[in-house]
Amino acid sequence: MNAGNKIAVFRKEHFNAAHRLFNPSWDDQRNEAVFGKCNNPNYHGHNYELMVKLTGEPDPETGFVMDLKVLSDIIKEHVVERFDHKNLNLDIPYFKDLNPTAENICMVIYTILREKIDLRFGIQVRLYETERNFVEYPVDIN
Amino acid sequence: MNAGNKIAVFRKEHFNAAHRLFNPSWDDQRNEAVFGKCNNPNYHGHNYELMVKLTGEPDPETGFVMDLKVLSDIIKEHVVERFDHKNLNLDIPYFKDLNPTAENICMVIYTILREKIDLRFGIQVRLYETERNFVEYPVDIN
Amino acid sequence: MNAGNKIAVFRKEHFNAAHRLFNPSWDDQRNEAVFGKCNNPNYHGHNYELMVKLTGEPDPETGFVMDLKVLSDIIKEHVVERFDHKNLNLDIPYFKDLNPTAENICMVIYTILREKIDLRFGIQVRLYETERNFVEYPVDIN
Amino acid sequence: MNAGNKIAVFRKEHFNAAHRLFNPSWDDQRNEAVFGKCNNPNYHGHNYELMVKLTGEPDPETGFVMDLKVLSDIIKEHVVERFDHKNLNLDIPYFKDLNPTAENICMVIYTILREKIDLRFGIQVRLYETERNFVEYPVDIN
Amino acid sequence: MNAGNKIAVFRKEHFNAAHRLFNPSWDDQRNEAVFGKCNNPNYHGHNYELMVKLTGEPDPETGFVMDLKVLSDIIKEHVVERFDHKNLNLDIPYFKDLNPTAENICMVIYTILREKIDLRFGIQVRLYETERNFVEYPVDIN
Amino acid sequence: MNAGNKIAVFRKEHFNAAHRLFNPSWDDQRNEAVFGKCNNPNYHGHNYELMVKLTGEPDPETGFVMDLKVLSDIIKEHVVERFDHKNLNLDIPYFKDLNPTAENICMVIYTILREKIDLRFGIQVRLYETERNFVEYPVDIN
């Protein structure tokens, strides 16, 4: 197998969710100082754009690394169905004790997908909270 | 004054908010049937993009219909500051008894801005709830 | 009923299709002169973006003019399912004797949707053939 | 001829230019107060996006209102070639005594194109100075 | 030469083409099962966006790694002119026996460009089949 | 500290500026031959989009690598305030003897930000001169 034949494929999906940023071990004043308006106890929300990068070698019979329809279905079943139109703090157990910053949401999504995608594929997750604020995990993709 | 010199100017702003769609006079079953996942009692959210169109004649001394910096400041002061990082149902009195659909949010924003902008200018508000779902009010701009 | 309460709602969908521009009553030379590379007899293709505007009054019980999920379903059932991943010239009977220019595709889509959407709603169709070339029908929406 | 067959076609082009906003009959202080940082005497610049809308009836032989390649060539020859990579204040005679606000640039482009495009077609020009600031002339298209 | 001075420059181009996905050594049923609607024997099509990344050191006299006008001309001459408004399966010899998936098209474009661009520059090709499906080759750029 | 926990965060900002490309040690003819219309002595301009990538480990108490509001403020204070609505050649000392190509502007911005951001964070700067022409420095982020 020749590493030089590796190619990356990307699929974008999206979900809309509410969240609130705060650290339950801090008092209100410190939460307000650090998280500002993101700390609104009544929540606010975002249209999250999710971009999943997957690396591997194209199958010589299909020309696909992975059919992007299949990748889309995996993302939809395990991420979008769980997160879309939800309150991340209240409805998603991962964020019961974890602040739903873009960084933490991205790492949770990576963890979810890493378990569902064969290890011969490298994966990387980019999550847009807004068009101007986004994050990517991991930094390197293997 | 010659109507033929009228020109339209546009300014886009954005805000991020949580909301929930439901009709309090209906039971849960009917709310679920009509509003589906938008009815999540824990709320979900969006990055709202707001585009305000204003029509009028350019001032011959400045070449501006209205300095878009001024229009931006009006929108920010009266809409964005009030709506951004808020829960529309809980934090915004307009939606105490009004379902915060894109249609109703757009008409509320129009009402707010119409009071703050001189009547010699026509205005129209377009509100994007997502890139693929948006609304515009009024249908005609006078 | 007060016309001043009319609001416009928009839904975007997309489909990918092949087409070829030519006039069967012309010879090859004239088709080549008029349609240039769009006349390739082996076809070329586009990602078409379709934006449907619908005008009406919000229902006071729901706050919707029409649930955009419903509008999306109508567009998907009657347009996207028929046009997506198709060869417009060969697979779509409307274009058996009609050149599939953006103008003609847009007017056909309008005709299809006008029959499926209640006449109390005005509709207008915008079709993007590329990001820089697009069309809209009708010019005025009633 | 049936007005109901009118359809609109759009073509987007772009140009990059420098400009400065000021009124030569005002003193520096007033120019600074009104135009702020846009009054920098050394100029600043923009990537202008230009969208031309043209209305008319499709030609039954071609299915085109106007071949968008032809419309693109008209815009490039008469607007883009003259404005691109230019200093609007210094290089474009139209702005010798006219402040190059988005409004005035848009109206000048309309005037240029109106002379080059057959009067049986309606035209309207939208000019984006930035993604968030743009203008459109005329308000109604005939 | 100091690797720390390397910088990446990018140029985006686009082409519109028709294609069909299938494996000629399979029967219709298996092609249908694997490629679904992408297997339409009458073809479908896309607006392909092509982004070429080139790495190298800026020339101290010009400040350019490579004039992006030059890079654009190379891409246009060797890729866009050959692929635009074509049927990839029928008109492009590379795909006579190679399934024109996004992966294979991307690798072919890389091969074409790698022969035309000096080896002191690293290159990487990203190809968007739709806004939500895209690929990149090679995974690492040297 | 576990490198595997590193994540990248991104913030986009923008500024509008004028510039001219030329090499003062060359005569007009050579500058014209190399820089073409970018050499206009009266300047032209762009809407520059600036994307800053920062890598590091999320703070376990906040879930942030760096609050993107803080990163935004650093970029605005040290880059946008200095470059926005300016003539890069005349108003920005860095370009007194350095040709303001996208490559050089990007490397200058990197240098400015690298001094203001703690060295435990890796940074990389992407600068869009237009939607189709952009650059990124450094090639690798540590």
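By letter and in written order, the chains are A, B, C, D, E and F; residue numbering begins at 1 in each of them.
The rule is simple: contacts are C-beta pairs under 8 Å (C-beta built on N, C-alpha and C of every residue); 3 or more make two chains touch, one makes a residue touch a chain.
These figures come from a predicted structure and were not determined experimentally.
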item: Joint neighbours of chain E and chain D, given as chain labels; value: C, F
item: Chain copies touching (chain A, chain E) - same or different residues, decided at half shared; value: different
item: Interface copy of A-F among A-B, C-E or B-C, judged by whether over half of the contact pairs recur; value: B-C
item: Euclidean distance of C-alpha centroids - chain A vs chain D, Å; value: 41
item: Centre-to-centre distance between chain D and chain C (centres being mean Cα positions), rounded to whole Å; value: 27
item: Residues of chain A touching at least two other chains; value: 131
item: Pairwise chain contacts under the document criterion; value: A-B, A-E, A-F, B-C, B-D, C-D, C-E, D-F, E-F
item: Contacting residues of chain E [partner chain F, same complex]; value: 4, 6-13, 55, 58, 61-65, 67-69, 141
item: Parts of chain B lying in touch with chain A, wherever the complex brings them together; value: 14, 16-19, 37-38, 40, 42-47, 84-87, 90-91, 130-131
item: Residue numbers on chain F that touch chain E, as the complex places them; value: 21, 23, 26, 34-36, 98-104, 106-107, 131-139
